[in-house]
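Down below are the structures I want you to see.
Each of the two complexes below includes chain A, the first together with chain B, the second together with chain C.
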Partner chain A sequence: MKHFTKLAIAAVVAGITATSTLAQELYTPNLAYRTGPFAATGIPLMNGQADYLNMLNARDGGIGGVPVNPEECETGYSTEKGVECYEKTKGRAIVTQPWSTGITLQVLPKTNVDEIPILAPGYGFSPMMEGKTFQWAYNAPAGYWDAADMILQYIEGEGSLEGKKIAFLHLDHPFGKEPLPVLEAAAEAKGFELVPIPVGLKEMQNQSAQWLQIRRERPDYVVMWGWGAMNAGAITEAVKTKFPMENFIGVWWAGHDADLKIVGADGKGYKSISWSFPNPDAPVMADIQKHIVDEGKTQSNPEEMSGVFYGRGIVISAILAEGIKVAQDHFGTAEIDAKQLRWGLENIDMTEARISELGLDGMVPPFKTSCNNHTGHSGGWMLEWDGEKFVKASDLLMANVDSYKAIAEAAAAEYAEANAPWPVNEECSE
Partner chain B sequence: MGDEKDMLYRTAGQFKTSYEADQALFPVRQDAILLAVILACAWVIFPLVASEFVFQTLLIPILIYSLAALGLNILTGFAGQLSLGTAAFMGVGAYACYKMITIMPWMNPIVAILLSGVFSAGIGVAFGIPSLRIKGFYLAIATLAAQFFLVWLFEKWAWLYNYNASGAIQVPNLEMFGVYIAGPQASSIVQYFVVLFIVSLLTLVCINLTRGTLGRTWKATRDMDIAAELIGINLMKSKLTAFAVSSYIVGVAGALFVFMWRGAAEPNLFDIPLSFRILFIAIIGGLGSIMGNYLGAILIVGLPVVLNLVPNALGIPIGSATVEHLNIMIVGSLIVFFLIVEPHGLAQLWRLIREKLIIWPFPH
Partner chain C sequence: MLNDIFIAPFADMIAAPDFLMQVLWEGLVSGVLYALIALGFVLIFRSSRIFNFAQGIMVVFAALTLVGLHSFGIPAWISVALTLGVMFVLAVSIERVVLRPLVGQPDIILFMATIGITLFLIGGGEIIFGGENKVMITEELGIPTGDTVLEPFGGLLILQHLDITVVVVACALVAALLAFLNYTQMGRAIRALGDDHQAALSVGISLQTVWVLVWFIAGIIALVTGIAWGARAGVSFALEVIAYKALPVLMLGGLESITGAIIGGLMIGLLEKLFEIYWGQPLLGGNTETWFAFVLALIVLLFRPQGLFGERIIERV
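Presenting the complex of A and B:
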C-alpha cells in the first residue's frame, strides 16, 4: 500500500498547489539552472534577471503598479525537470522562459494548445523569427542565424571570404547545429570552405582531438558555438595550441568572463558577438545598487555584476518587462494574462530613446518586434577580450536577414507541416 | 492499525482443494484484493482526480520508467545477465517508432509502439551474443559498447531523424478513432490510459513468462549456469530469449517514453545516465521481482517531484535551487537507508512485511 499512499499524497499536494490563489501579481516564472553542469553560466544570468525585476518591484512597485513574481523553478538544465517545471507553473504563468534548447523543443509544440508565450532571448529555434507560424514564441532581440551572419560580416570586414577556410567548432547538440544551414548557404555564396567540427557532450572538457584537427586543417578562422564547460575547454586548448586568438570568434553564449579569466592575458583578442553589453555606468545599475544590492537582496557579487552575462540577464528581464508594459498600455489593464502578453511581446519598440528611458544606455541595441517578426534582429556588437574584460571591438553590426529569410520560411513551413494541425496567425499581413 | 492489518492478512480458512488453486497467481485472497484496489485506483480513481501536473510528472513517467526497469529486470534480475545498455535499447524503440510513424502515417500508433519493440529485440539479441562467452562485469562492458555505439549512430545517421537540422526527433500529432493520442494536441489523460494499457498488458505477460518454463530456465541460468546446462537447459536459448524479451520491453518503454511523454528527443537523451537511472530503479526495487520495478520507480522518479512541492505547500520560503540540492541529498540518503534496511530491495521489504502480517501476532 505504501507506494500507493505516496501517490495519493502527491495528488493531494499537487491539488493544493494548483488551486491556491494568490494576491494580485504578474507571475513570470523562470526555468532557472543554478545547479548541474551548466550552473557556472546560469547563475550570473539568473541573478541579473532576478535583480532587475526585484528592482522594479522595489523602485516602482512592479510594472504598472502590479508586483512581478519572478519565481525560479530549478531545472539543472535537465529537460525532464524542465517539463516538470513547465507543468507546475503553466496554470498561472503569463510567460515561459525555458532556457535550454531541449526544453524549448518540448514546450514549443505545446504553445498553440496551452497559449502561453515563450520568451527565449537569443536562443532556441532560429525559425521562430517567423511570427506568423510561431505565434507564441519570441527570441528577440536576435537569433542564432543573425549571429552567424554578423560573424561572417565581421570576418569579411577583415578581407574577402573567397578561398578562406573557416572551422566551425560546435557542440554536437541541437543548439550547436542551429547555425549550420545559414553557414552552409553562405559558404556556397561567398566561396569559403566551411569545416564543421563537432564536440560531443562527453568531450566538452577534453577537446584535444578537435584542436588537433584544427591544427591540421589550418583554418583562417575558428567560429565557435559553445556552451557551458565547452567554452573554457576550447579557449584553454586554443591557448595551448597557440591558435591566434584574434581569429577565434564565439557566439554570445561563448562570451562568459569567467571562461576567459582562466587564461587571462593569453586570451587577448578572443571575440564574441553579442546583443548585450555590460555598462556599469548605466542608470539601471545604480538603481539595482540602491534598491537591491545595498538592501542585501542580491545573490550576486560585484565581480559577477560587471560581467557580460549578468548584464545580459538584466536585458532579458527588461525585454520581458517592456512586453508587459506594452500589453498593459494597450489593453488598459495592469493585470494582464498570457494572451495579452503575447500581443505585448509582439509590439515592443525598443528605440534608442526608450532604452535610455529605461536606464539601459549602451546595454542593448534598438530593435522592434512585429506580428511577422518575433526576433527583432537588433544586430550586435563584436566584443573582444582585452586580457581583463570584454570591450566593444566594432560598431553595431546588422544581420542581413534577407539572405536567410527564405531558409527560415521553409523551415517554419516544414515545422508547421510536421506538427499539423498547426494554426498560423492569419492576422499577420505581408 | 495492527489489528486491522492482521484481519486483512489472515490466511486461516483459505483452503485449496485443487492443484490449480494452489498454483494460482494469488494463493492468498488478500493479495488479489490488494491488486484489485491498486488497479481500480490506476484505472478509475487517478484519472478522475489527477491534475495535468500529476499526469505529466508522476503517473505517466512512473509507469514508463517501471516498464523500462521491468525489461531490464527480466535480463538482470531473472536471467542474471548484467546490462548497461538499457537506454540505448530504449532509443532503438523510440527511433524505430518514429521512422514507422513518419514512413507510414496511416499506421495505428499503438501498433507502431508495440512493433517498435521488435526492432530493439533484434538489436538486443545481436548485442546479447557475447553473453554466450562472457559473464558478469565483462558482459556489462560488452553492453556498454552497445550503449556508446547506438547513441553515436542516433547522432550520425541522419536518416533516423529524417534529416532534421537540429538532429532531434519530434512526435507529430497522431490520431486514433478521432482522438489525439500522441503529439502536442493529445491530452494527458488519453496518453495516461494508453501508457497504462500497454504497461498493464506487458506486466501481465511478464508475470506469466517468469512463472512459466522460460522463467524457470532463466532463473536456473542465473543461479548457476553450469548446473543448468547439466540438467539439460540450452544456455544459448535461455540467454538469447532473455535478451530478446528484455529488449522488446525496453524498446516499447523507449517508444512510450518519447511518444507518450517527452514529445521530442535528442540522441544524448539515450545516453548512459538514463541506463544508470533504470538500473538503480531495478536494484532499489529489487532484482528478480516484478512489483519491485514499480516501487523503485516511485522512489527514484516520483519522490523527487513530490519533495520539490513540499516547501511550497508548507509555505517555507526557500530558493528553488536550494530545494534541488536538499532533494538530491534526501533522495540519496533514502536510497542508502533502504539498501541498508533491506539489501534485496523494496520488493523484499514488502515481502517481509507481508509475511509478518500474515503470522501476526505470533512471532513464528
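Presenting the complex of A and C:
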C-alpha cells in the first residue's frame, strides 16, 4: 500500500510537471516534407522556417517570453501522411501548417471541428480568402488566384492578351489545378486561348511529351504551376526545345534557385512571380547568423540561405509569429490558445514600418488581413533568373481581386453547401 | 469522333513528318532508358526469382554517390570508379546480410526484403546526401551537351547530343551484357540458375557468387541510368519514380526475358509517346503516359499471361 501511495504521488507530481512544461510553450507543428520527390523544394523552406523561430527562441526567449516549439512531422508531401501528422499533432497545436494543397483540402473540414487555424502562406485552397466562410483557414500574404492574376497582368504589360495563346503547364494534382477557374475566366474575358497541359507525378522528370505539345501548339507564353522535381524537369525541357525563356513564367513555388542552377545561363530570362525576396542585408539575417548559424544550430548552408526559398521560409514563420504576437497583445496573455491565434491571424497588419521593425526589410510586401480577408493580397514581384540568381524584374504587382471576387464567393458557397452543415462567421460583415 | 480517332492523327503525321520524327526520337530515347531499368529487374529475377523492388532507389543511390564523391574534389572518372566500388560493396552486403539468411524462403519474403532494402537506401541516402536537387556532373564526365538541328522535309528536328550519347551507351551496355551472358562462364552460370536452380547448384555453381554478381551488374545499370536521367533533370529522389515506368515493360516483355526487356522498353517508349501526342492530347486532355503503358501491358497479358517473351510456367497441382 505504501508503494502504491508513493507511486500515485509520483504520478501526480509527474503529471503536474509535464502539464506545466507543456503549457509553457507555443506548439506550432509543421507538416514538413524534407524527403521524397518534392524534398528539393521543401528543405530550404523548412530550414528558413525553423531557423527564424529558433532565432526568436534564442534572441527573445520565444514570443512574448514563451518559447515556440516548431516541431516537424514528416509527410514526404503525401496527403495520407499529412492527415496522420495532423491527427498526431492536433492535441496541443495552436496552429497547423499543412504544406500541400492536397493535405489542406483534407484537413480543412477537420480544423473547423477541432478549432485549429490552418496557416498556408501562398498555397492551399484559393477560396480560403473568404474568411467569413473559411473561419479557420489563412493563406496570407497571397493566394494562387492572386498569382494567376498578377502573371496575366505582367504578360498584358507586354501587349494585349487578345488573340494570344497561353499554355498552362501544371502538375496533375490539386495544387496544379488551383488557378484554372481564374485563368479560364480571364481567357474568356480577355480573349486569349488557354491550353492546359497536365504533368503526371511519374512524368515530372521526363516531360518530353508535354514539351512536344508546346512545340506543336506554338504558344506565346508558358505559365507553369510546378512543384518539386517538376520544375527542374520543365526548365531543362524548355532549354532543350529552345522555347524563349523570357516567355516562360512560373508560380512562386517554381522559382527555386537550385532548379535553375541545373541549366545555369541557359535559363536566363525565366521568370517567377513571388511575394517574397531574399535580402542578405536584412537585420533578420544578421540575427539568424548570430543566434543560429554561428551556434551551429542550422541545417542550412550559405548557398541555400541566399536563395529565394530559404528567405520565404523566414517570411512564413514571421507571419505566424506576428499572428501570435497580435493575439498575445489583444488577449493580454502570452500563452495563447488556438482560438486566440485565429483572432491574431485575421488581425495582422504588416505595414512597411512593422516589416522593418521585424528586420524583414524588402523580404515581403505589406499586407493586412481581416475577418473576411484571410489572404491579405500582398501582391508580388516578378523575379527573373539572370543566369546565376533571381533578380527583381518588376515593381510590386497588385492582384485585381475584384476580378475574381465573385468566383471566390461562389466557390466558398459551393464548398459550404457540399459540406453542410458548415458554420459561417456571421459576425464578419466586411 | 471516328475521324478524330482514325483519320486526323495520321493526317497530322503526314502533314508534319519532321514533328513525327521528333516524336519517334523522343520515344526511342525514353524506350532505351526504360529498357535499361527493366534489364536490372530481369537480371536479378532470372538468377534468383526475386522481384527487386529496390532497383529504382539503386538508380538514385548510384547517381547521388557519384555526385557526392565529386563534390569532395575527386575527379569525375575516379568518382565513377569509386561509385562502382560502392555498388559492389552494396551488392556484397545485400547478399550477405539480406539474401543469404533468406535462402529457401518463399518468393514473397524475398520481395519484402527488397522493400526493406529500398527503405534503408532512401533513409541512408537522405542522411548522407540530403534531399536537395543536385546537378549531374555531365560536362566533367565529357558527355556532350549541345544539340544538332536538322531540317528534314523543310521542318525541324532537334537531336540532343546527350540523348544520342545515352542511346549509344545504352546499346553498348546491352550488347556487352548479352555477350557476357552468352560467352562467359559466369554469364552461363547466371543463365543456368535462371533456367533451373536445383540443376545449377548440383553442378557446383555458387549461388552466393552469382547473386553478388547480378546485384553488382544491376548496380552498374543503375549508375548508367542515374547518369542519363540525372543529366536531363538533375539528381533527386524523384528519380526513383522513373523506375516504376519499367513495371509495364516487365509485364509486357516477361520477367525472365532480356530480349523482352529490350523490345518491351522500346515498344512502350515509342507507343506511349505516339499515343500521347496524336490521340491523348487532342482527345483526352493529355497525361496519358501515366496509364497507357499499363493498359497496353494488361491487353497483352489477357492473351499471353507470361508476357510477349516470358516463359510459360506450368506447375503441377
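Keep in mind that, in the parts below, the second predicted complex is superposed on the first by the 407 of 430 C-alpha atoms of A that agree within 3 Å, B and C clash if a C-alpha of one lies under 4 Å from a C-alpha of the other, contacts with A are read in each partner's own complex, and residues count from 1 in each chain.
By our rule, contacts are C-beta pairs under 8 Å (C-beta built on N, C-alpha and C of every residue); 3 or more make two chains touch, one makes a residue touch a chain.
As the structure is a computational prediction, the values presented were derived from the model and not from experiment.
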item	value
Partner chain(s) touched by A:Glu84 [first = chain B, second = chain C, both, neither]	first
Partner chain in contact with A:Pro109 - chain B first, chain C second, else both or neither	first
Which of chain B and chain C A:Asp172 touches, first, second, both or neither	both
Which superposed partner A:Lys240 touches (first chain B, second chain C, both, neither)	second
First (chain B), second (chain C), both or neither touched by A:Pro421	first
Touching partner for A:Ala189 - first (chain B), second (chain C), both, neither	neither
Which superposed partner A:Leu201 touches (first chain B, second chain C, both, neither)	both
Which of chain B and chain C A:Ala209 touches, first, second, both or neither	second
More chain A residues in contact - chain B or chain C	B
Partner chain(s) touched by A:Ala353 [first = chain B, second = chain C, both, neither]	neither
Footprint overlap on chain A, where chain B in one structure and chain C in the other make contact	34-35, 172, 200-202
Sites on chain C touched by chain A in the complex	16, 19, 22-23, 26, 29-30, 122, 126, 130-133, 135, 147, 158, 160, 229, 232-234, 236-242, 244-245, 272-273, 276-277, 281, 285-287, 289-290
Complex contacts: residues of chain A adjacent to chain B	1-4, 6-7, 9-11, 13-18, 32, 34-35, 71-74, 76, 79-80, 83-84, 87-88, 91, 101-102, 105-106, 109-110, 112-113, 125, 172-174, 177-178, 180-181, 200-202, 411, 418-421
Complex contact set, residues of chain A against chain C	34-40, 42-44, 172, 196-206, 208-210, 212-213, 215-216, 228-229, 232-233, 236, 240-242, 258-259, 261-262, 304
Chain A-touching residues of chain B, taken from the complex the two chains share	34, 38, 41, 46, 49-54, 56-59, 61, 155, 165-168, 170, 172-173, 183-185, 262-264, 266, 268-269, 271, 294-295, 298, 302-303, 305-306, 308-310, 312-313, 319-321, 323-325, 350
